[in-house]
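I'd like to ask some things about the structure below.
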Amino acid sequence: MTAAFEREVLIRFGHCDPAGIVFFPRYYELLNAFIEDWFNDGLGVSYAALLGPRRVGLPTVQLQASFERISRQGDRLQQRLWIERVGRRSLTLRISFDGADGPRVSFGQVLVCTSLDTHQSQPFPEDVREALVRAVQQQQSHESSEQ
Amino acid sequence: MTAAFEREVLIRFGHCDPAGIVFFPRYYELLNAFIEDWFNDGLGVSYAALLGPRRVGLPTVQLQASFERISRQGDRLQQRLWIERVGRRSLTLRISFDGADGPRVSFGQVLVCTSLDTHQSQPFPEDVREALVRAVQQQQSHESSEQ
Amino acid sequence: MTAAFEREVLIRFGHCDPAGIVFFPRYYELLNAFIEDWFNDGLGVSYAALLGPRRVGLPTVQLQASFERISRQGDRLQQRLWIERVGRRSLTLRISFDGADGPRVSFGQVLVCTSLDTHQSQPFPEDVREALVRAVQQQQSHESSEQ
Amino acid sequence: MTAAFEREVLIRFGHCDPAGIVFFPRYYELLNAFIEDWFNDGLGVSYAALLGPRRVGLPTVQLQASFERISRQGDRLQQRLWIERVGRRSLTLRISFDGADGPRVSFGQVLVCTSLDTHQSQPFPEDVREALVRAVQQQQSHESSEQ
């Protein structure tokens, strides 16, 4: 199944621990940066404007991670993202960071749309909702053309 | 159910993001520091010696997180840990970071014992295994005395 | 010369890099946490209230660091802070993180008081200024009694 | 004066603090990533191979920073690096992160070449030394052609 968004990321010296492999909290920083790039470059919605002047939050409420293989400094991982469900106020994603030897980490993530003034959930702004729906449609059309 | 280990942690300015709440990857740094303190102060096994000269790794292989309430700078969270299962080569934990208003984050974590030379799984060293079994027994005796 | 504030800090696994020593950006996180504790526990000024509801910033404008000896996971460092100068809008500190073998890192730091609404400099709030002046006096009285 | 290396970097949500501006320890992570990219892409020396299998360290021993203007999420900074001095065992750099309004941060950094087995200083490996000397020559030829 074709990913809704993908890019490559370099595992850096500073991501790794004395065991010589990625310190697992760093994967979550890489995850958040990946979501940020997806909004900016995939969905065409400025993440900085959204969480800045527009005061719309996207906190993670559920996050399941499977760490399957180790990563070392200098590795280049392919980051891929699939949309599993777009709700009125929430978004379910599946994400994979893959090395040449297969998946290194895979995530199941649920994000919720909130107001940064009240930290209460709210429906996605119209432009975000439209961009998400469009991304789901593209993902599905890739799927059917692959069959 | 009484926790096998607990301590308090301060949410710092540097843990928080422009939304004024904990940036979620920081919770994972706090989680790892909590496990480290549990080994040092709860189990009586030096974490630095284990992962340093003893070359024993404890990578996380599964990690489920539920982010239930927001935390802000200056909050003091109670961190609690329960042992769910001690295997020959793996350990399943349930962890909760609680504020005055209830759980902020809860984790289900599976760690595996590895060799830092090969990054392959191996049985827990005898002293670690014994400390873990003792901790499970104490947790259970607290449970029965609570009934 | 007696420090205006001191405490001990544990070098953790997550502070260290594949070379087995502290990844230097982590020292700056430890530095900021130390300043935070000084405000809370030394000066008696809530850092979270100051930078939160009171909207007073304390950005660093100059920071000189000398990395003198390596630190490894499990090391316990003594963090010490001396006030060099209290101005109307700025504060000059000297800070040292010491191991058993001598200084590991030493910092010269200039912080400025700002409004978090405008990010422009402003005089210290009265209570902060008083706490700083009192801390300088205590530091000096310790000095003269040491002679 | 033409920089020996430059690239653009995005200030991310996760780099910023509740004051809405970069949390200063994050600038040091960005600095280290920039040095890493310079080695990989500018000098043509694999940073991961150097600090990994080749066991050559590049710890920072002196680091002066001036924080001149604030940066916010979504800002794109131009990172620039000038070589001030190449010694047998050490390297002095000047680095600037610039926004549209001028310099945001500038650094003066001294790095030393070490053995990761002993953490003692040692001369730069021949290929690193040659790449550094070449980079200095290019920097100077740009300078003279600019006059």
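By written order: A, B, C and D. Residues from 1 in each chain.
Quick note on the criterion: contacts are C-beta pairs under 8 Å (C-beta built on N, C-alpha and C of every residue); 3 or more make two chains touch, one makes a residue touch a chain.
In this text, all values refer to a predicted model and were calculated from it rather than measured experimentally.
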Given subunit A and subunit B, the chains that contact each of them: C, D
Same or different residue numbers at the subunit C/subunit D copy interface, by half rule: same
Angle (degrees, nearest 5) of the CA superposition of subunit B onto subunit D: 180
Of all other chains, the one whose Cα centre sits farthest from subunit C: A
Centre-to-centre distance between subunit D and subunit B (centres being mean Cα positions), rounded to whole Å: 36
Subunit C and subunit D: spacing of chain centres that average the CA atoms, whole Å: 25
Geometric centre distance via CA averages, subunit C-subunit B, whole Å: 29
Set of subunit D residues in contact with two or more other chains: 13-14, 18, 20, 23, 25, 29, 32, 51-52, 73
Chain contact graph, described as a line, ring, star, complete graph or other shape: complete
List of subunit D residues in touch with subunit A within their complex: 12-14, 20, 29, 32-33, 36, 46-49, 51-52, 72-74
Sites on subunit B touched by subunit D in the complex: 13-14, 16-18, 20, 23, 25, 73
Residues of subunit B touching subunit A in the complex: 18-21, 23-26, 28-29, 31-32, 51-52, 57, 59-68, 70, 116, 119
